[in-house]
Every structure is written in C-alpha cells, then in structure tokens.
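The structures considered in this document are given below.
Okay, so chain A shows up in both of these, paired with chain B first and chain C after.
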Partner chain A sequence: MNAAVNSGAEGFLHRFDGLRARLPGTRMPWVQALREDAATRFRSAGFPTRRVEAWKYTDLRPVSDAGFDEALSILGDSADLPAPLCDRRAVFVDGRFREDASTLGSAEFAVDGLAQRLPQLEGRLGSLARPQEEPLVALNTMLFEDGLVVTVPAGVAGGLLELASFASGSERPAAFHPRHLIRLEAGASLTIVESARGPAETRYLHNPVFEIEVAEGATLTHTRVQQEGAKAFQLGTIYARVEAGGTYDNFTLNAGGRLVRNEIHVTLAGPRATCHMNGAQLLRHGQHADTTTFLDHAAPDCASRQTYKTVLSGKSRGVFQGKIHVHQVAQRTDGYQMNQALLLSPDAEIDSKPQLEIYADDVKCSHGATVGALDAEQLFYLRARGIPEEAARSMLVQAFLAEAIEGVADATSRAALEAAVSGWWEPAA
Partner chain B sequence: MPAVAETLDTVQSVTEGTYKWGFSTDIEMDFAPKGLNEDIVRFISAKKNEPQWLLDWRLKAYATWLKMDEPTWPSVKYPKIDFQDAYYYAAPKVKSGPKSLDEVDPELLKTYAKLGIPLKEQAILAGVEGAGDSPSEGGRMPIAVDAVFDSVSVATSYKARLAKDGIIFCAISEAVHEYPELVRQYLGSVVPQGDNYYAALNSAVFTDGSFVYIPKGVRCPMELSTYFRINAKSTGQFERTLIIADEGAVVSYLEGCTAPMRDENQLHAAVVELVAMDDAQIKYSTVQNWYPGDAEGRGGIYNFVTKRAQCRGARSKVSWTQVETGSAITWKYPSCVLLGDDSVGEFYSVAITNNHQQADTGTKMIHVGKRTTSTIVSKGISAGKGQNTYRGLVRVAPSASGARNHTQCDSLLIGDQCGAHTVPYIENRNMTAKVEHEATTSRIAEDQLFYCRQRGLSEEDAVGLIVNGFCREVLKELPMEFAVEAQKLLQISLEGSVG
Partner chain C sequence: MLKIEGLTAEVEGKPILKGIDLEVPDGEIHAIMGPNGSGKSTLSYVLAGRDGYEVTGGTAHFNGVDLLGLEPEERAAIGVFLAFQYPVELPGVGNANFLRTALNAQRRARGEGELDAMQFLKAARARLKELQMSEEMLKRGVNVGFSGGEKKRNEVLQMALLRPKLAILDETDSGLDIDALKIVADGVNALRAPEFSSLVITHYQRLLDYIVPDRVHVLMAGRIVKSGGPELAKELEATGYASVQAAA
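Our next item is the complex of A and B:
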C-alpha cells in the first residue's frame, strides 16, 4: 500500500473496501446499508476543509495527511491500566471493548460491548447521528467496530460508571471509531466519567461518536477528561436528545492531544428539558483544541447553561464555537452561554464564535465572550504579599478554571477533573 | 430684489452649475443598452471622459468580477439576480414611475405626511413621472423643486466656504478630472477591486459618488451631506465614495435621508472608502430608508454595500454610525482597519426589520497597531416576519499589543414570526489584548408596555418610546440633524407590528 492511498479520505475509503467483510454486522443488511450510505457520503464530502464554515478555525490537514491502519488488524495489549475511579468500569483499548479488563459487576442495568449486541440495535444505532451532515460522523459510521451500549431502565438510579479509553501504542498509527449508545429511560439517572488516554509517542486517531437518549425526567451527568497522547488526534462528536423534564449535564476537559475537536449537538426536545454544557481547555506547545457546540431549543420552557474556559500557553491555538438555535415553538427559552480565554503566551491564539439564532420572541438569551491575559493588578496583589511570581500565576490560572469546575456536582467527576488540572499546570521556566 | 426673482436667479445659477460639476450630465438621456460586458464598461468610462488608467482599472475589476462567485454565506434569501437584465448607465429614469401621487402606495404617502414632507417633494421622492424634471411651469417655480434646488444652492454657497479651507467636496467623476493624483493614489486602496463580488462589480461600473479631501490640520466647518450635494433622485445605483482626512483633519459626513425613497434600481452596490492619517478623525453617519417593499415583501431595494475605513495614522479615529430601516435586504459591514498605533474604531448601529425585510449587518474591527481600541454597539430590532442578523469580526493581530475591544449587541423581538441572530467572530493572537463581547436577546416586556399604556400612551407610542430607549446609545451618536428624524423614523418603521 503506498502512501498516497494510505492517507486522506482516500486512505480510509480504501481500507473500508478492504475491511468490509471483517467489520461487525457484515451479515446484517441494515448495518451494511448504514455503512454504505456513510461511505458514499464520506467519498463525496472528504475531510472538511476550512472553507466549510463549521471548520473555519480548525485545519484537518494534519489528520488527512497522516496514514493510519484501522485498529481491527492491530489490536494491542492493555498492560498498565490506571486504577479505576469507581466500582464499575468499561475499558476500551484502541476503540474495542475489553470485557476482560472491565469491572462491570452486577447491577440493575446492563453494560455491553456494541459489537456483541449489534443484532439487537437495529433502529437504535444511527437514530441520532447525522452522517449526512458531518463527514467525520460518516467516517465513524463507515468504520465503527465497537462501542459501549448502556440502557438504564425507567426509574433506576444507575450511579457511577467509568468509561475508560486507551490507545495501545502500536508502532503503526491506528485509527479507531467507537460508537457509544447511551439510553436513560424515564426517570432514570446515571453519571458517566469518561477518560481518554494514550502513549505520548504514538500517533493515532480516536474518532468516537456518542448517541445519547435522555427520556422524560431522566438525568445523565457526563464528565469527560481528555488526556490523549501528545501526538494524538481526537475528533469526537456527541449527539444528545433530551425529552420533557430531562437533564443532560456535560463537562468536557480537553488537556491532551495534538489536534482535538469536541463537537456536541444537544436537542432539547421536550418541555422543561435542561442542558448544562461546560468545559475547559488547557493547551500548551503546539496543541490545537476546538470545542464546538450546537444547542437546539426545540420545545418551550427549556433552559440551557454553557460556560467554557480556555487557557493557552506556548504556540497553542484554542477554538470555541457555540450556537444556540431557538425554534419558533420554543417560547420562554432561557439560554445562557459564556466563553472565556486566558492567553499566557505571546504565540498563542484564540478564536471564538458564539452564535445566537432565534425565531421565538418570548425568550431570554444571552452570550458573552472575553479574551485577555492574566490581570496585572491581581498578580501584583499576590506578589506584594510575598508569593513568588510563578506561584501567583499558577494560583490565578487555577482560580480562572475553578469557576468552571466548581459547577460539577458529582464528587468523583470533580476529583478526576481537579487531578487532571493540577497535573497540567507546571509553571513555565 | 423680490423673492421670486431671487429664487429664479438661484435656480438659474444652479442649473448652469449642474453641468459644470457633472452632477447630472446627460439630461438628454442617452443610455447604454441592457446587460454587462466589457463594452459597457468602456462606454461608461468614455461617457465620463475618463483617463486611460481609470478605464484600465475598471476593466481589471470587471475581469476579476467575471471570475468570482456570488456569495451565499449571509443569512438572507432573495431570487437570483440577473446581472444581464439591468442597465448600468443612465437607465431610463421615469418611464415606469407612477403618473401621479394617486398611483403611489398610500402607505408610503402616510409615512411622508408623518415626516412632514411637502406634497411636491413627496412626488419627487416617490418617483412620480415628471416631478422635479420641469424647472418651470408657466414661468412659476413649483415650491418643492425650489426646496430640492435650494439644497443644491445651499451646497454652492457652502462650496465657497469649503474651498477657502482647501477642502475638496465634489462628485467623484469630477475629482477624476480635477484631482487625478489624489484619486489615483487612494481609489481602491482601502477596498481593492477584487475585494468581494459586489465591490468588484462596483469598481467596474460605478458612475457617481462623493469625493472628500480634508487637508492637513483642517477641521471641516460643517457637516458634509450627500443629500445636499445631489438631489435625492439621482443617488447612484453603484455609488463610489472616497473620503481622505489628512493629518489632524476632522470631518463629519452624513449619508442618506430619512424620507423613504422610491427607486427603480433594485440592486444597490455601493463602495465607501475612508482614509484617516495621523490624528485625523472621520465620523460617517448613515440613515438608510430605501423602499423596503410592500407588506407582502414584494419589491424593495437590495442594499449590498462595502464600507471600509483605514486608520493609517497614529491616533486616528473613524466612527461609523448607521440607522438602517429601509431596503428589502440590507447587507453591509462598515469596517475599520486599525493600522496606526493608538487608533480608534467605532461602530454604532440600529437595524430594524419589519414585514419581510432582511438585514445581515455588523462590522469588522481589524487591530494591527499597538494600543488600538474599538467599540461596537449594535441594536437589532425584528418585527413582523423580519430577519435581523448581527455578524461581526474582531481580529487582533500579533502586532496589536494592548489592543482593546468591547462589543455589545442586543436584539429586540416584536412578534413570534421574526428572527434575531448574532454571529460574532473573535480572533485574538496577542496575549496583551483584551476583547469582550456580550449579546442579549429579549422582547418588549409586558410590564414596560403596561406602564406606558397606563399613563395614557397608545400602544404604538409606547413601543416607539421603548424602542427609542433601547437604541439610545446609538442614536446619541448621530449628528443633531439626523437624531430627531431618526427617532421618528424608528417609530414609523415599526408601525403595524404590534396590536
């Protein structure tokens, strides 16, 4: 296989042709149809370029120029896994569910690997994802091998579940495209703490897609700690649909990876549904991280809150794009969005595009954005009290982030976030 | 001298002067055939007796335009424009106009009455056939014509005053002949020919517009206004305006007028270029109230404008203020490129969309110089089925240390069929820069309305009062002449949107 065919959209399509017979669901016509439609779409769209408005600030050329092998052929080992955060943990290595490494215990609801449950997923898999609109979701649909399937039955308090994803660090760059399906039935609740890690020296592509259904009165808390390896690409897309009175609470911390896109689509589909989307991006060296959110207010009396913070040092580049769309039926919508960036280096860049699109009149919607450096007066205040400059800077950065993290109610989630944040901050020389 | 004789004299001098200044040449109405090609561009240039360099410049623009695609990114919808189905030079002016005021949309006439415009002037604004064409009728001067011509005569007397300070204020076609070095130096230096689709089209076929040069250290003694320079009827379809404020110069320029104007040219693609040198200040105010189409959204002007300022000098300042109430579609982003250290850019905007109107407007503030500051205040009001979009860019280049921006954009929704959208872009590449953006969307609160109604205000007056309060930050930036009229205008634009 030469480099020209190995890389870019062509490379993925070429490998799809080769893997067709080995991907899960080969004998299920509905899976085949999904994959073929997605392939057709990906073939015509290719990787989005910066001429596409939603990708104005993120250049995917490093991904499309790189050559990958699908993980299917190179399943690695999962020797040193960090200690679990809670009793139940689903482990994924290179995008594949590892039941042997997971601790699932017995609970009132089932946690399964997608590949083995595939026959029962017709109509559920692909019900929210929109591969026709998002080329990367098409790529995932074309090549997904596995994923997490969780269904919490009505009224069940599901407690905590850790979703841990590791890249094995094979010598050949791997690409994996897990598809995670999470469903909370009426009145159910669940907290998912998701982590993503990988070795520092290996190039790989992690392209997960989530389809999340939150039924009437259910509550899903979804905390994500992204600490991929320094050469990794993570391009993730979440689709969540929240019915009447339900709540979807997402916090995403982007600290790792070389090029990261965190795209979230939430539809508030029933009255009084609520969504919190918060996050922080901690960037240094040449990292590029992009958080893009789409919040669809499609029913009346819903509320949404978004707070995103980005800290940039080195030659890093941060992107925030957030769109709130209020449909005509969505009267009495209460929407708020704030994004703030702190620039610590003269070479860093932040691009921010908050967006309101409103078609209902009885609404309260606002957004704000600020960009700036550390406040010289605050720094002076701390220095005057004998705190060394680096420590003072560190304190101010921590305080900046604390505002976002404080809002995370679940203790386990918050501990995981705080650990990642304190690990990230090492005063520059 | 009796008043009538004096008027006749004035009119006489003005009409003679008209030819000299080239304001409305070709009254004999020779016009180029429909369509657009290289020959039409040559024809326009030849008609204006332009030098070779300008013809070449136009042809280059035309060649560029041919290679460009019509932009589709703004959130506005309109049928595809057939560029071959339009006149680009002296289109027949009154052929399709109404024969008398009786044929004019009664809603339009009501508006005129509310603005207090005399009957004859109403006819001119509404484009009634023959109105304003005949300077005399049985030896007697129609009053309204006087009024309009008076504006011109005001301009003549002002012209002398301006000349005393060395200020140049004339039609751009005149400036091409009188001040070729200045025009050649600055034309296209802010908005190049290939800048965007409509700017390229304008560069190829522009026919009229203003040229202003304020010499070093001169503070222009009066507000300069298009309304005074050319009578309302001949505002060009492809206007080209160029204003240069040399070191330390100060000028305030007014564009447009509050009266709704009927215009047979559906597409307006103007280009405005401003250049401010060291310590210079330019204030550019616009009140745009072109025909918005009827209540069903038929007709109406497409206003696709490129306006840009370069603050080239240190401590220079450019301030854009706009009140956009007219046009079926408004699509413009008056921008500032802040090159000089400590230069300042400001943008104050009110945009109203009612019925089926669409507006996609905002600004770009490009910070390049050190300690440059910019302020953006945008107020969007949507009523009826109107769609209102604020689209803006604040870009801080790595060189712009200490740059500062504050943006405030608020939207007000009246009725549940309209839309309000906010699309700000913030790009910061300098850690010492501080950029802030805030946006809100709300509707007129019931309690505010109740409070006003309880005190005996009609619902429409109450809405007018609340809307004026909502826009106050912008309206107070307008020069006195405009501010009062603009307030009235806001209220009239929103008529029928409540109750």
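Our next item is the complex of A and C:
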C-alpha cells in the first residue's frame, strides 16, 4: 500500500472508497447517505488542528501521521479475555461485536450487535451525533462497522451490563470506529461497565461514538475503564440526551493509551434531569489524555456535577476543558465543576479550561481548579510510620483519587475502577 | 538504646542544634524540657529523619546503628517512633488501612510475617480496648476531622500497635485536657519494659506527673544546659526557664 495515502485524512478517505461496498448498510440508502455526508464533511475538515479552539491543547498529528488499516480487513482473535465483571457481557474485538465471546443470557431487554440490527435503526442511528461539527464523529460515521445496541423498555431495571472492548494486536495497525446506541425508555435503569484494552506493543486507533438516550425518569450509570495499550490512540465521543427527571452518570478512568481524548456532550433536555460527569486520569511517561465536556442545560431545575482528577508523572500531559452552557429557559440550574491535578514530576503538564456560558438569570453555577504536588508533610508522616517512600506516594495518590471513586455507588463499577487504579501504580514510574 | 554525641543541625541554613550530647539507656524514660524555639522539635525531627532538617555534625546511634544514615521508614522499622506534635491529616486514607500498611511494612522490613486483615483487626481491637478508644477510630480517614485530643490519641494507638523500642513524644501534651493527657500517659506507661525507652519532649511539667521520667534535660538555644532527676521538672515549674538560663 502506498504510504502517502495510508496516513492522514486522505488515508481514511481512500480506504473508505475501497470499503464502500463492504461496510454494513451498503444496500440501505439512509446509511449510504449518512456515510457520504460524513465523508464529504471529513474531506473538507480533515483532522482538527490546534488552531481549532476545542483542540488547542491536543495535537492529533501523531494520529494523522500514523498509517492504519480499517479493522474490517483484519480478523482479530478474542482469546485470553479477562474474566467477566458481571453476568452479562458484550465483547467487541477490533470494534466488532463478537457474539461467540459474549455472554448475554436472557433478560427483559435485548443486547445486539449494531451491524445485524442496522435495518431497524433508521432514524435512531445518527439522531444525536453531530458529524458536521466534529470531524472525528464524521470519521466514525463514514466508517462505522459495528457497535452495541441496547434498548431497555419502560420501567425495566436492566441491572448490570459489561461492554468489553479489545484490540487484537494484529501486525497491521488497525483503526476501528464502533457506534454504540443505548436507549433507556421511561423509568428504566441500567448500569454499563465499559472497559477498553489492547496489547502494549501495537499501534491502533479506537474511535468510538456513543449515542445515549435517557427518557423521563430513567437512570443510566456509565462507568468507563480505559486501559488501552501504551501505543494506542483512543478518541471517543459521547452524546447523551437526558429527559425530564432522568439521570446520566458517567465516570471515566483514563489510565492507558498514548493519546486519548474523552469528549462528552450531555444535554439536559427536560426539567429536573441530572448529570454527574466524574473521572480520573492517571498519566505517565509521554502519555497525553484530554477530557473535554460540554454540558447543555436546556431545561429548568436541572443539576449537574463534574469532578475530574488527574495524576501526572513523567513527561505526561493532561487536559481538562469543561463548558457549561445554561440556556435562557434553564432557570434554577445548579451546576458545579471541579478539576484537580496532582503533579508528580516537574516535566508533567496540565492544562485546564473551564467555561461558563449563562443566559438564564436564576442560576447557581460554580467551577474551580487546583494543581498541586504531593504534600511533603503527609509523605513524611507515612514514612515515619515505616511505610517505604514509593508505597507512601502510592497511598497518597490513591487517596487523591479516592474521593472521586468513592462517589461511584455501584459496587461492580467501583471494584473495576479500584483495580485499575491500584494496578496503575508501579514504583519508579 | 539511644546515644547522641555532638549533634548539630540546621534548618534552612540556620543552626538550631548546637552540639547535643544525650544518652538514653535501655528501659529509661527521659524528658526534654525547654522554652519555645530551643530546638526541641528539631531534635525530634532530626532523629526521625525529616527532609529539610540537615545534620551538620555529630552522631546519633540507636542500639549501635547509625540512625542518621537511615531513611525515615528504616528508622521506624528498627523501632524508632515519633509521636507528632501536629499529627497530619490524610484525607482519603482510612485509618485501618494506614495502620495495617504501616505495621506490615515494618514487619516485612524486619523479616517477620505480615498480618492478614483478620489478625490485624484482632490486634487493633485489643489495643483500642486498652486505650478506651472507640472502634469508630479505625473507620475514619487518618486524623481527618479529629479533634486535637483525638489526633493525639490516634498517635498513642499507632504507638501501641507498632510497639517501638524508642518512642519520641514531641509535645504530645500540648492542647490536651487532663483526660486525654492521662490516656497518652497510660499508653506510654503500658509500654514500659526493660527494652523500651522514651524521650518525652514537653514544654510543661504537667505530663511528667503521669509519665515519671528517670532523667530530665533542659534544652536551651540548641544545647542541653542542665540535667537532673524528676525533681528538676518540678523545680523548673516553680522557677521558670529564665533561672536555668541565668545559671547556665
């Protein structure tokens, strides 16, 4: 393959040309229209550069310079999967649903692969995602191959569902663009524990897009444990729309990957809707992780809480951008945003950009940011009790994160987060 | 147990200890008294190995081991315990986890077996009972939201669990009411044994009514200017430090 067209936006467009006839939905005009519109958009926009305000702190050149093959032509293996976290698990390998490796059982609601359900998804797929605004979402729309489709009927308590994504680590660097559709009907509930992993030595791109609908009085808890391989890129975008009295809780742990963007758009569309967006980023060496949130308060009496904590060692770089937009109708909005960073090395860097845009007059909205190092007194106290320095540092880092993780109510989610946090720390990182 | 010779130390380039000579034999409790700024806390931090307290001369040996060459955690593992004047709050670190991690780190360093959660809990409960403390103490964050008295009691609990050979109490009595003072004193007295020594640093004589020292040393301007028996503490209480200074 010609390296010149293998990389950059052109590489993706070139491969899209070749894959057109093989991607799911080839014979569905509405799918074709979505893909073609997205391709047109991606062709004109390309990868966002740092001149674009929303990408000021994250440079995508390592992604655009790298060459990839779409995973469609790569047959990954799903061997050596870690033990499931709960009874129901949907497994994805290189972005494709693997029913053979999944344990779905029977329940009051269906969990399916997107490719097989595509004929029934017209009007639903693409209802929230905005490829015209986000080039990476356009890229996903152009090339999506599969995804998770979950619909929890009205009033049903869906319990736990694990969404496990693995990169197989084939010799050719893979790029995969899953599209996940999650819908909770009125009064339904569901807890999704999502994990993303891949081999340490392989370069790959995981570019998922979520479209999440939370209807009146429904509650979705979404815990994400990102432990991609050390050379991996994960650029994920979530769109969530929460109707009256509904709740969307997102906790994202970014611990893996070389370059990671976690972008979340939430619209509180009905009165008394609530959203918690919390997360932790654990970064070392030359890792770069960017959490960018957009919270749209579009209805009155809604509440949102955001707390993000970032621990940085080595030459890592963390980014937090959080925008809260309070529409004129959104009276009595209660919004809170906090970003805290712990710098373990003089070469690490955190960039923080909170942004409040308020058009209503009866609003309680606050934000804050702190950056600090480990407290020397605390460290000495632990060491004076016999705890070796590295273990003492680890305890203090975990304590810094504990406040965020303790807030996760679901025990399975919390255990998955705690395991990832305690596994992250290695002496002399 | 502890032998300090000609010890000098400075903080931020300023000399604080100007030649300390002190020997605490096995099984003895020595008090160090002195006015504010005399170097009492500096001495305790130097012995515990805190960064920023730079030893510029002299030696300190603990059972023949050069204490000043060890990391703070190594000093703890061989049996040196510092009860802090201002115990540090550790939000997000549970007290039980902290105590067990410390105990097991010391045991590991000494080549002893570690305690599992159940064994630890059993040991901790026994110490709590002896010290008349509530088990709630284990569930909270280390010193987080503790009153001054609770923080000091938590220091005593740590001491009781870790069973050091040498306990250095840095003004543990400051800010304590009489009940808390008794608990601290009981904690030290409970450890009294032929192979246990203590260095009780205090500004006031009051604590020494409950922990009766074998020797009392007066520290002023970085030097020990006077030593004596327990009666010296009473004498100081009556005449103040100024009289010692005048005599010295």
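Quick note on the criterion: the second predicted complex is superposed on the first by the 427 of 429 C-alpha atoms of A that agree within 3 Å, B and C clash if a C-alpha of one lies under 4 Å from a C-alpha of the other, contacts with A are read in each partner's own complex, and residues count from 1 in each chain.
To be clear about the criterion, a contact is a pair of C-beta atoms (placed from the backbone, for glycine too) under 8 Å apart; a residue touches a chain by one contact, two chains touch by 3 or more.
Computed from a predicted structure; not experimentally measured.
Put simply, more of the residues of chain A are touched by B, taking chain B and chain C as the two choices.
Residue contacts after overlaying the shared chain place A:416 against neither chain B nor chain C. Judged by the touch definition given at the top, the superposed model places A:184 against neither chain B nor chain C. Shared-chain residue A:114: touches no atom of chain B or chain C.
Contacts of A:266 after superposition on the shared chain: neither chain B nor chain C is touched. With both structures placed on the common chain, the touch criterion links A:357 to chain B but leaves chain C unconnected. No residue of chain A touches both chain B in one complex and chain C in the other. By the touch rule above, chain C contacts chain A in their complex via residues 48-51, 71-73, 75-77, 82, 84, 87-88, 90-93, 98, 101-103, 105-106, 109, 158, 162.
Of all residues in chain A, those touching chain C in their complex are 375-378, 380-389, 391-392, 395-396, 398-403. Across the complex, chain A meets chain B through its residues 53, 57, 328, 331, 341, 343-346, 348-373. Contact residues on chain B toward chain A in their complex (touch as defined above): 73, 398, 411, 413-443.
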